[in-house]
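As written, the chains take the letters A, B, C and D, and residue 1 is the first residue of each chain.
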Amino acid sequence: MKMKNFLKGKREVYSFMAGALVVLLLLAGLPACAPAAEEEGPAAGETAYDKYVASLSEGEYPVPCECFEQAQEEGELNIYDWAEWWPEEIYTDFEEEFGVKIVRDNFASEPEVVAKFKLNPEMPYDMITGVAIRSVIQIMQLDVLQEINHDWLPNVSAYIGKEFTEFEYDPGAKYSVFSDYGTDSYWYNTEYVDDARIPSWAVLFEPDEKYKGKITLVDDMFKSLAGALAYLGYPVDSDDEAQLAEVRDLMMNLKPYVMAFDSYPKRLALEGEAWISQGTYGDGFILNKESGGVVTAQPTPEGSRLLSDLLLIPKGAPHPAVAHCWINYLYRPRTTAFLCGSIGVQPCSQASLEFLPEDMREWWARVPEGYVASCGVIGERAVTGKGLELRTAIWEELKS
Amino acid sequence: MSSSKSVGLREKAAKFLSDQVYLPYVGPISIWILLFVFAPLGVVLYFSFLRVGPFGQILNSFTLEHYRLMLKPTYIQVFMRTFVFSFGTNIICLLIGYPLAYFIVRCGGKWKTFLMFLVIVPSWTCYLIRLYALKTLTGNGGLINEALLNLGLISSPLNILYTPFAVVLGLVFGFLPFMVLPIYASLEGLDPSLLEASEDLGATPLKRFFTVTLPLTKGGILAGTILVFIPSLGEWLVPMLLGGAKVMMAGNLIEEQYIKLGNIPAGSSIAVVLTTIVVLIIYLSVKMGGEEVLERMM
Amino acid sequence: MTNKNSAPCVELRGVVKKFSGLVAVDHVDLKVEQGKVFSLLGPSGCGKTTTLRLVAGLEMLDEGDILIDGEVINDVPAYNRDCSTVFQTLALFPHMTVEGNIAYGLERRKVDKAEIKVRIGEMVELMGLGGMEKRHPAQLSGGQRQRVALARSLVLRPKILLLDEPLASLDRKLRKEMQVELKRIQREVGITFLYVTHDQKVALSISDIIAVMANGKLEQIGSARDIYETPKTKLIADFMGASNIFPGKARDKAGKNVEIETESGLKIIALKGKDKDGNSKEITGVSVHPELIGISHKGTDVKVGNKFEGKIVEMIYQGDFIETKVVIGRTGEQITANLGSEFGQETQFSPGEEVVVYWNPASSNILLG
Amino acid sequence: METKNITSKILPVSAILVYLFLWLPTIVLVVLSFSNNKFGIKWEGFTLRWYADIINNVGIRNALKMSLTVALVTVVLSTIIGTLTAYGLYKYKFHGKKFLRTSILLPITVPYVVTGGALLVFFTRVVNIPLGYPSIIIAHVTFSAPLATFVVLGRMGRIDWTLEEASADLGANVLTTWRKVTLPVLLPAIIASAALIFPWSFDDFTITYFVCGIGTTTLPIYVFSQLRYGATSVINTIGTIFVVLPVIGLLLMNLLQKKKVS
């Protein structure tokens, strides 16, 4: 159809083929130019484990030999996570050290992960990273997760804070392991926003007239509405009809002020297009480093929502031992600190704090004592039955 | 005629086989279409009548609930918007695509190919990236606003991005080539002396245009309309990226139900309604414009 | 040519072909002699092309037999028949060079490469295509393409060459040249031609035998001269360009002449000998070719069997002759005569003039039912 | 005459505006791909580091490989099926021909979201086709085989089919005729359809988004997740490659053409 006018004669056709071939060769050549990253691990199994154990620094515990050897056999790790989130080195270092290949796929939202599980309970990923408690709850209801073998995770046992293993939805962290946590907040641009109410949620949810079309909300109904619930003083996982009716009114009033729904409106905030954005406290750290004009408010006195990033191993995982090695690897204090420092989240292990960059430690220090503990978690009430129904209705009305 | 019965049968079988010579050619596509078009669409139709459990599991019991839910004001609003946007996009594409095609055909010769090439090449670029580029351009700090501000034409940045206008702009941006192509083809198929005549007769060239050229290119316009209107109806990336995810169209509802909420029956029911509408429109336009339009689409 | 077999090169026996119930070829019997040019002539839709395609094996017949060299080949597929076709569109393979086109059939027959080369060389020489071997059909002129199509078929040395109006797409001048060329080539290679055309002039100039077809049936077979001079029916006469056709009935069969009276009462005399089929069929009229008719000034004493007085109504200059139309005063018939311009006849007559038209009874051709 | 003057002035101006509309975003994208700005949104001096980045980025390389593989397999499969179908539809009469023709139109007209969603449900709930290469390729062929059919079919009317008879007449059987005559003669049409399908398949986001699975992040999917996460300069760079490669291809084609002519 389109080509009709260009490919009239045979000669053109052949020339086009030649051209297309050159283009393809160019494309195929691109990857070839890049340095080959993969290297074979040590050959003999026994020495490999010894070598691995010997290579560990102080305070880093090895996975048991059994796990290591099984991992060597499996040789691969399929990770399903957010795009361009964790630093590349985390993956490449692991690949090098364990001699396995990491294959990564990205999801764009947590509901996408849940939906994929609903469609295919045997999803063949070894590791799902960065999902929140409420997604874990939904996933656990589908009975698609593998029980985690904590004997294979000495670093986790040694370093994880007890408060992160005692959640009601998964006591003893049998199916999910925290990788990090944080809190919701909002960012504002000091160039445009000057409001005495800072750091209250009110700045975001009942904004001044002049902020019309300058506000962004997170494109996720649970997170977005959790902010509103917190502002109104209700539990963030409420399924109370009256409370959610209030939320609805609040959100509908807010609608004309909303410029866009964007889960990570980094660009909008930095460009000064969005003046007030709902976002996490940790992301705020990154943004503040990029542009001093973007400041993060830790919503007080209302409190906020606890955000959680969890690691899961699906039942269909073809390489569970590598997945355990991975979790254990992430819990090395230096690795934890490097990860959290790069992406602006709080580590769940005290031991890693000392390895955090200075500015980051300061950033976390600004969070008032006891603030995190006061934050609510979106739990079962919100993600099933009435809670889900009411939220969906508000969300659809808001976005349509 | 003295042949025995068995010979007759064998002949019949041979004849039957030789009558099915078309099978190796159209067999593969028939199987493919049956397996990967009719079956999935059938499954979607079936699922759209199933009940959903508390955790989003699909239950094996029949319900019309999802279709009833479609009568919600929010859904009706979204469908209405989808129509208005698609229709508007179509009209705008026609209004700017026709003169462009006319201009290109009139340029003639080498220029014609080059100018057409300029229309097509942008559509070879990754659609997502093009939308992203448009986003960069239309933002408050984007080139357009900056230029207007510097020229002193406006005092504060225009809000273009994340408005319904941006959505229509994105749709036009994405689908304009599909309007220009068939119109160009039908204009090019015209006797060039007709174009000249409609200009040289002096007295009422515009009238001549409306009485001669336009009716003769009706086929191209109809084809262009189908090529623009249909994909607009199902579009979801533009509203998400340029509409800031707050100006939903029908496609977004489907994506949200399928992917975000994992509610397959609800998503299926929306898909069924949207598909029915699209197929109906195609059917009607084929009936109206005849087979000719269909041929032109190829 | 050393073939001593008395069987004709191609023979059709009671061949019938139907297309979804419609009879395209209706019980056709014909024999094509070895080394002759046999033309199937007829208006479009008369079934001549279908007949050719039946011989080529491109259509399968419904009834009857087709024989090549005395062997029934009804079930032999096209690619195994010892005949080759030159198509109206020529059907030169656009993606192959001249050489490739000519070699195609030989390659299919697994002729070895050296032999192919030699035979292409011969053909290129015969056709005067030297220097064109590497060109594609699109780069050739109409006449050259024609030659390539011929070469492609002839190189296979088929028993019979089937030609389906191969000159139709050429302009007049080129067509004439190619006619001569075709005849030369046929003489040189001695291959039997089965030539299908609707152009009587081409058929007359090229053929040894012409078979006229109409409505799927064979109407008349004969030498070119036979067909032209003594068309048996009105239809054939019309088709052969005899513009003077007078339907009528035989009045007087006594003596060596026949007198035929037209519907308007004109009495035309014809030679009885011309009535070949004797009395088996009824006489339905007379035809006269316009070039056999003379015109004299009124009052001139003409001693010819058929003479009628009339008035010139029209004179149309045609270059090599003047088409003159005369209306017979008594009966109102219009007679067309072609006057040669060599004796300045156009200056002798002028429209409106009273004249005498005349022709020899031998020129009258009797038409049968 | 007045109107004539007006139209002959307005037309070029409006055409230029439309071209500007179509090209400006792309031009800005290309320019910004060389900008030193980390988010690729402002001009902050020339740099090539984003190009170096994408060469070193494993994710992009894998996505590129994936996209190329999918597009190539799709082109091969759908041109084969499409050519056969077009031939069957053009040459033969059979029961249900009209129905088949209409059915083939269906995958092209059904919205991408519906196609993607339906196939996702079908692959995961009804037949067990693994999400990944198989699912993506099936989905792409489902859309592009009809496309190939119609492109080839459109060209068939312009072909002199006595060529096939000539081939048979010259002694070639059905298969040889296909190989030696039919296919070469259809080749321009097949290439035209491939030229349409390849970029489509390479570019497709929506259908792929629904049916992609493990290790099958195509380039558009990669770009999408990048966009979701926020701006990075890499997107400008990938976009530039998307624009520049076809243009280079066409220029090369033009160049080769000229050489052949001279």
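As a working rule, a contact is a pair of C-beta atoms (placed from the backbone, for glycine too) under 8 Å apart; a residue touches a chain by one contact, two chains touch by 3 or more.
Please read these numbers as outputs of a predicted model, since none were measured by experiment.
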Central chain of the complex, centres being mean CA coordinates: D
Identity of the chain that, by mean CA position, is farthest from chain A: C
By number of C-beta contact pairs, the top two chains: B-D
Distance from chain B to chain A - Cα centre to Cα centre, in angstrom: 36
Whole-Å gap separating chain A and chain D, where each centre is the average of the chain's CA atoms: 33
Centre distance in Å when chain B and chain D are each reduced to the mean of their C-alpha atoms: 16
Averaged-CA centre spacing for the pair chain C and chain A, given as whole angstrom: 88
Residues of chain A touching at least two other chains: 1-2, 4, 6, 10, 109, 119, 271
Sequence positions of chain B contacting 2 or more other chains: 117, 141, 177, 258-259, 264, 298
Per-residue overlap in chain D, given as positions that touch at least 2 other chains: 41, 120-121, 125, 150-151, 154, 187, 224, 246, 250
Chain B contact footprint on chain A (complex, rising order): 1-2, 4-6, 109, 111-112, 114-115, 118-119, 138, 141-142, 213, 216, 219, 255, 258-262, 268, 271-273, 384-385, 392, 396-400
Residue ranges of chain A touching chain D (in the complex, touch as defined): 1-4, 6-7, 9-13, 15-20, 22-24, 26-28, 30-31, 33-35, 37, 78, 80, 82-85, 88, 103-109, 119-120, 124-125, 263-267, 270-271, 290
Chain C residues touching chain D - in the complex, by the definition given at the top: 56-58, 77-80, 83-85, 87-89, 91-95, 104-105, 108-109, 152-153, 156
Residues of chain D defined as touching chain C within the complex: 160, 162-163, 165-173, 176, 180-181, 184-185, 187
Chain D to chain A touching residues, read off their complex: 38-39, 41, 55-56, 58-59, 61, 64-65, 68, 120-121, 124-125, 130-131, 150-151, 154, 187-188, 191-192, 195-196, 198, 212-217, 221-222, 224-226, 228-232, 245-246, 248-254, 256-257, 260
